[in-house]
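Labels A, B, C and D are assigned to the chains in the order they are written; within every chain, residues are numbered from 1.
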Amino acid sequence: MTMATEKDINEQIAWAKINTDVLRSMENPRPAYWVTVAVCVAMISVAVFAEYIQYTEGMGYANLNNPHMWDLYIASFVFWIGMSHSGTLLSAILHLMHSDWRKPIYRFAEAMTTFSLLTAGLFPIIHLGRVWNMYWVLPYVSDRGHWPNFRSPLAWDAFAISTYLSASMLFLFIGMIPDLAICRDHGKGWRKKLYTVLALGWEGNDRQWRHFRKTYLLMACFLIPLAVSVHSIVSADFAMAIMPGWHVTSFPPYFVAGALYSGCAAIITLFVLLRYFFRFEDYMTLPIMEKTAKLTFAIAMVWTYLNLVEFASIWYGHNVYDKELLIAKATGAYAPIFWSMIFLGSVLPFTLAFRSLRRHMPTMFVVSILLNVGMFFERWMIVAPTLSLSQEPHQWDVMWGSVVEWGIVFGSFGWFGLLFLIFVKVFPSVSMYEVKEMVFHRQRSAGEEDLIRMTDHTQPATETAGGEESK
Amino acid sequence: MSKHRLLALFSDFEEAHAAIADIRRNVVPGVTVDDVTMKSPIEHPDVEEVLGERPVHIQKFTLFGAIFGVTFGFLFLAGAQATFLVQPQGGKAVIPLPSNFVLMYEMLIFFAVWLTFFSFLFLSGLFKKRSALYSEKVSLDQVAIMLELNEAHTDPIKDLFQKHKVLEIREEVIK
Amino acid sequence: MSLDNILNNWSDYRKGAEEGGHHDYEHRWTMAINLDVCIGCNACSVACYAENNLAVVGKERFEKGQAMHWMRIERYWDQAADMEHPEQGASFLPMLCQQCGAATCEPVCPVAATYHTPDGLNAQVYNRCIGSRYCSNNCPFRVRYFNFYSYYESAWPSPMEQQLNPDISVRDKGVMEKCTFCVQRIRTVKDRAKMEDRSVVDGEAMTACAQACPTSAIVFGDTMDESSAVSQLWKKHQVKRGTYQSTRGEKANPNLRGYRIFEELNVDPSIMYLERVREDV
Amino acid sequence: MSGKMNRRSFLKMMGWGGAGAALSGCDLPSTVTLEEGKEEVVSYLMPEEFVIPGVGVWYSSTCMQCSAGCGIHGRVREGRVLKLEGNPDAALNNGKLCMMGQAGVQGHYSPDRIVAPLMRSGGNLAPVSWDKALAVLNEKLGATNGDRFAWFTGTISGHQLALVSNHLDAMGSTKHFAHDVVNNAVSQAVNKDMLGEANPRLRLDKAKMVVSFGADFMGAGQSPVHYAGQYAKFRTAKQRGLLVQIEPKMSLTGGSADLWLAIKPGTEGVLALGIANLLLNKIKVSDAGIPSGVRKLIDRYDVTKVAKITGVAGHRIQRVAQLLTERSPSLVLAGATVEGHAHGYDSVAAVMMLNHILGNVGKTIESSGNFPFPQLMAKQGNTSDLVEFAAAASGKKLDAVIFSGSNPVYSAPAALNLSDAIGNIGFKVAISQFMDETTALADLVLPAASYLEDWGTQVPATQAERSAIYVQQPLMEPLHPDTRGLGDIILTLLKQRKTAEYGQFDDYYAYLRNAFAAMPAAVKKNTKNNNEFWDAALQTGVINLDVPAKKLKSTVVSFAEPISEVGDADANGLYLLPSPRMGLLDGRHANLPWLQEAPDQISKVVWDSWAEIHPTTAAKLGIGNGDKIKISTHSGSIELHTVLLKGMHANAIAVPLGQGHDDYGRYAKGLGVNPLKILDATRETKTGELAMYGTQVQVTRVAPPERLGIVRLGSSDTQAGRKLVVTVPVEQLRRTEGA
């Protein structure tokens, strides 16, 4: 109950200060910003060069081979798709649950969703042997009577990702319109022109707000089942195959949990960075960090549980192939990565259980990054060991990616970073109008808070009592 | 008689509510609450209480999009599968329901989301030129009440606003 | 892409469904490999290189696992685990695409580049392939080979390109390929039979591996032709087409040597192997 | 060359020989005819006669990839040969073809072929015209005579052999060295002495049991495809044949054995004596016809002693002896690993004696009859000729030598010092397709046509049930216009010496036609005239001969104790087995990428040399799988990586032949090592063959495994519990399929 005394946000904060703080963060990039941009561009150049080699010379330069037809590209694809789920979680699920503490931090999480989708979408393209024919997976009318194979989970991916990308971009954009209007009202020069166009003539009248609220609610309603389906479909890429270690019925929830997990961890990372660099201490407050961290911890435990479910069902299922693979994961060539994944994914999150650590930004930064390393390993451990150890023992092989493959994976972080860096300087990374709403509502309900808390506590007690009585 | 448009800015939300409540109670005859537009920097709480129920039709478009997505999805997929030049199973068409359901589900969401978005763009009155009375304060921290009324009613309304501690009143004449 | 097409396909589909499945094959190309006489000599494999324009990848790429042998001879030591010598020799297994009836590679291809022909073959359409490699990942036999590089220059320096079989293409980088049961030979034979207004005679269509095999361990033919050698073999060994579910327990004499690899995966392979026999001395 | 073939006449000739398969293939554009004297450019849509665009025509010919001489069909499309298959008319291979035969087209189309005559000037080989080359050749050959001139060939037969012999005659020389690393010269000598025939017919298909002492008859043997066909019959017979393979290193044939026994190298003869001992003394088989000296020798080797010497368990020996009496007729074979010791003759004799004791002669060993054309019969290569050649060369007894179809500089052990000795020969001519090690030392290089562009006849030493002459015809125009067939070249040389006899022949084709016409009528059955006979011969690719039946004698020669005293004291001694494999064989196919990429059948290694060692031996030497080791002998050392293999005797280390070329084109160069180089030049005492398997070596570990050290196919040596290859006991087979 000590927690309750601590406010998520300073309710007395002046609304004008919110505007100035956020708008300030969008202006005048410091040298550090440009250095980071340069680093990202350099990382992208590495990937572009690697892709050039791969494009002109062939996929063989990624060290792919007969059993290992997929490797890090697909692992990265799953990783980035997973990352994208955090935005949905924060903006849609918490929105529907009226958890208003999400408001200061959901904007950049949503941007992260979009950008990690844009990154994830690159990987299925990069991994294609004939990239130039990638549009063949889309259902377009062709005079040759060709269609994609709708039975293929990869074709489902194309549908799911395009749906998810458009929905999450729309969601991000719609949610940003009132803020764009603020930017427009305060902007100068090219920014003014840009925001005038993007704000679509928003003037905050009641009609617009009414429609806005409805739209936002409907979008959130669709986004949640969509997000769940997207990662389930991504898991179908594996679960629909008959390979040991892939043909797992618990994969859809496992993938969704893993996605939320890595997404939350990424939010923590960016939370710390934005709080530090943009001095958003007033908005990205410690209580909010605590809530995020607790959420992450809860999801980590769900993920751990699903891991155990998978292991147990394999162990007791007595499918020789699956069992063999599980043992090989734990003891074979991939064991260091496997155990790192278990440690980083299931043990390390216990740091989040400590209040002092949760409130220590450097720790949270390091931990969140390590959690995501663990989650990257998880995706790798889903893709690679199965390929290395399939039904046919003659083709068993352990493969480590080449410089080309790692270069492209490395570059994808640069690409994501660059998109995000551009975003924070062009768009408000904290939702100004929603922080105002949050402050407004909290102020208003401050007086009633005690009463509400009392009812909350007494209500269930009476119910239980009544229940017992009726028996 | 010329028509006037007034924009009153309030810093106190409660006062603005009270002002509208007065209009609603026909304190100034001839001016109804239907003429009032309320502008707010946040998704204004209790706006229905103040302005009364005003209709929103977006959900109908959403429903249409969802239904269209499912039906079109199935017809499209089945049609594509039946006319596939290369039939993946021994030259015969295969219309596999489980995978089609997955895709129909995606298409449901796809069309529902886009229709929601477009209906929002058009129904919410965006893409209009902002009136000259638009105040940037509205996007900061003040509530505005805008209403169109006959010249005769402007003064009583102004008085009403003054009573409710209006900060600023802007006025323009529209014919 | 016409209404006609839709209606025809639908009516065929419906008709087939009523008759308990929609497979009305004209041919069903099938193989039987007698492992007892397979000596593992590699003749089939090299014959396949010669017939099917397979690229030679070289030592470096072979080491990476990027070799293109559609037909590979696997060699296992079964006895040797605790014995000083493998006293019953080696176990050789010619492994090639099993042309599964319920192939796992087919449904996963996003562009339907691999599909089932009316001949019961598991065809790979090189032109359509975009190289997602999902099919290979989902092949329990691991017999799909991907063109990780362009081999025009490296595998066939002039004048070696003159040896290339013009009946089939040389695959460029980014395309999956695999054993086709020498579909170009089947095509020629079918065309000839059609021109002469007769049906295909058993032994007329012959894969390069079956033709080369010095011990005639490989028998290839059409199981729709009841009298073909391969039909007789399948019948003799009581191995039936269909998934494991539909054939389980139907082998009246379990001592017969015919079996299909990974039967339990329900993929309905078109290749029946005959068990290797050894005499305990 | 006056009889230059042009495209038209070539196709005309070829047309007659077409196997006819194509004619039914498609609607013939039959209206297209050739009007004489009217030359114009026509597109391929209106092709010349017998070229049907898009339709392959199969022509018969004979494979020259090894000395077996199988009949082949070559698929010719648009004037190019694309694919080789076995010729079903050839009794030898019955329409089947091994991997080496399949790869024949690659040698033909190799980018490394020599395309013009080369002459040494100022230390380097430089291109010259044929006229110049032949002028120099004639001049040099004119200046020499008698035994100072020699031919050095591989195994050679048919009319090419006849021409070579005639050329030697014309030169007044008797020196024809025929060298082949893969040979069975010792067995031939034993067979000659014991059966009266060097190459009797072996009938695996009639045998109920085969005991093979190191005979890799389906791998690197004398006629692998033929014996593989017989093996299939042997295995699928009503009573499934039983194969026992006894050898120090598991060969391809050993991989298919029911019982594979590892034996200490060089002790096979002792084991044979031990089996004989059991047969004669325990099972009481008659010892009729066994010389008393041999009988005494047999009695000296009881099972315990034999087991101790050979390393084969006593109960195994007893069981094999027992089975040999139960499964009659049987067949006992001796192979290269038995022959390749100083006491090779005695060992082989001891092994072959078992056939006599068991009464197999006449049942599973048949006479191959009197071949009607002895001058065409194969002159089989061996290694004693190599030793003698090296001696003659270093003794400066040779002025001019023509090399063809053999690569002695590559295959001679360093101890023979051949590459230096060869410098003593005044004029060295190489008729060769490729720049191999021998060709690189030649003074004059004549570019040979590939066997797919050349005429010829082959008479394989190993004949099928029906003896035959195998006809070789060009399957396409010469790929490189400046190459010439071997027959044409010899004919040109002969014309210089014997103008009267050979002047009438424009080319080898004309010579062959004449030779065919001259064959006795009995050969030309069912053909009306010479043309028809010629066409029939080309069409089937085979001239089947009725060879009068003959009876083999069944005797046992006296032989000495089949074991060397040398080295036996050293129980831990390691014998180097330079083993030829189906594939690269003796190294002649190292330039064919398909064969380089085809894994070794047993160890599955590609593109390299490797050393096979038994794991216990390796452990004793501190060597791990894939380690780099050094194998040294008196004559040098080689470094290569190991493959631990249980199919090895603990006293043996096997290194495959075929790699380690200094030259020989882009695919062969710089790969692996050549174990032949470090062999001792010990000779078999009776035949003078090189004792190839008798070299003892020291092995030391050099380095741990490297990335490209051993590149092999397949990563698992076991089936990991899968039902991939299922092995069932023969009793199950008997219940269901057998008698």
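In this text, contacts are C-beta pairs under 8 Å (C-beta built on N, C-alpha and C of every residue); 3 or more make two chains touch, one makes a residue touch a chain.
A quick note: this is a predicted structure, and the numbers were derived from the prediction, not measured.
Comparing each chain's Cα centroid with the centroid of every protein Cα atom identifies chain C as the most central. When each chain is reduced to the average of its Cα atoms, B sits farthest from chain D.
Rounded to a whole number, the gap between the C-alpha centres of chain A and chain D is 67 angstrom. Each chain gets a centre from the mean of its Cα atoms; for chain C and chain D, those two points are 32 Å apart. Remark: chain A and chain C have CA centroids separated by 43 Å (rounded to whole angstrom). Note on chain placement: the centre of chain A and the centre of chain B lie 30 Å apart, centres being C-alpha means. Contacts with at least two other chains are made by residues 1, 5, 67, 72, 74, 76, 93, 107, 112, 128, 262 of chain C. Multi-chain contact residues of chain A, defined as those touching 2 or more other chains: 145-147, 149, 151, 155, 391-392, 394-395, 397. Shared contact sites, meaning residues of chain D that touch two or more other chains, fall at 714, 716, 718-719, 722, 724.
Of all residues in chain A, only 320, 324, 391-397 touch chain D in the complex they form.
Chain D makes touch with chain A in their complex at residues 714-716, 718-722, 724.
Against chain C, in their complex, chain A makes its touches with residues 57-60, 63-70, 124, 127-131, 133-134, 136-137, 143, 145-149, 151-155, 157-158, 237, 240-243, 387, 390-392, 394-395, 397, 399. For chain C in complex with chain A, the residues that touch the partner chain are 1, 5, 61, 64-67, 72, 74, 76, 93, 95, 104, 107-112, 128-134, 136-138, 140-142, 145-150, 173-176, 262, 265, 267.
On the chain D side of its complex with chain C, the touching residues are 24-27, 54, 56, 77-78, 80-86, 93, 95-99, 101-103, 105-106, 108-111, 218-219, 224-225, 228-229, 231-232, 235-236, 240, 242, 244-245, 250, 252-262, 316, 319-320, 323, 479, 582-583, 593-599, 601-602, 604, 606-608, 614, 616, 646-648, 666, 671, 707-708, 711, 713-714, 716-719, 722-730, 732-733, 735-737.
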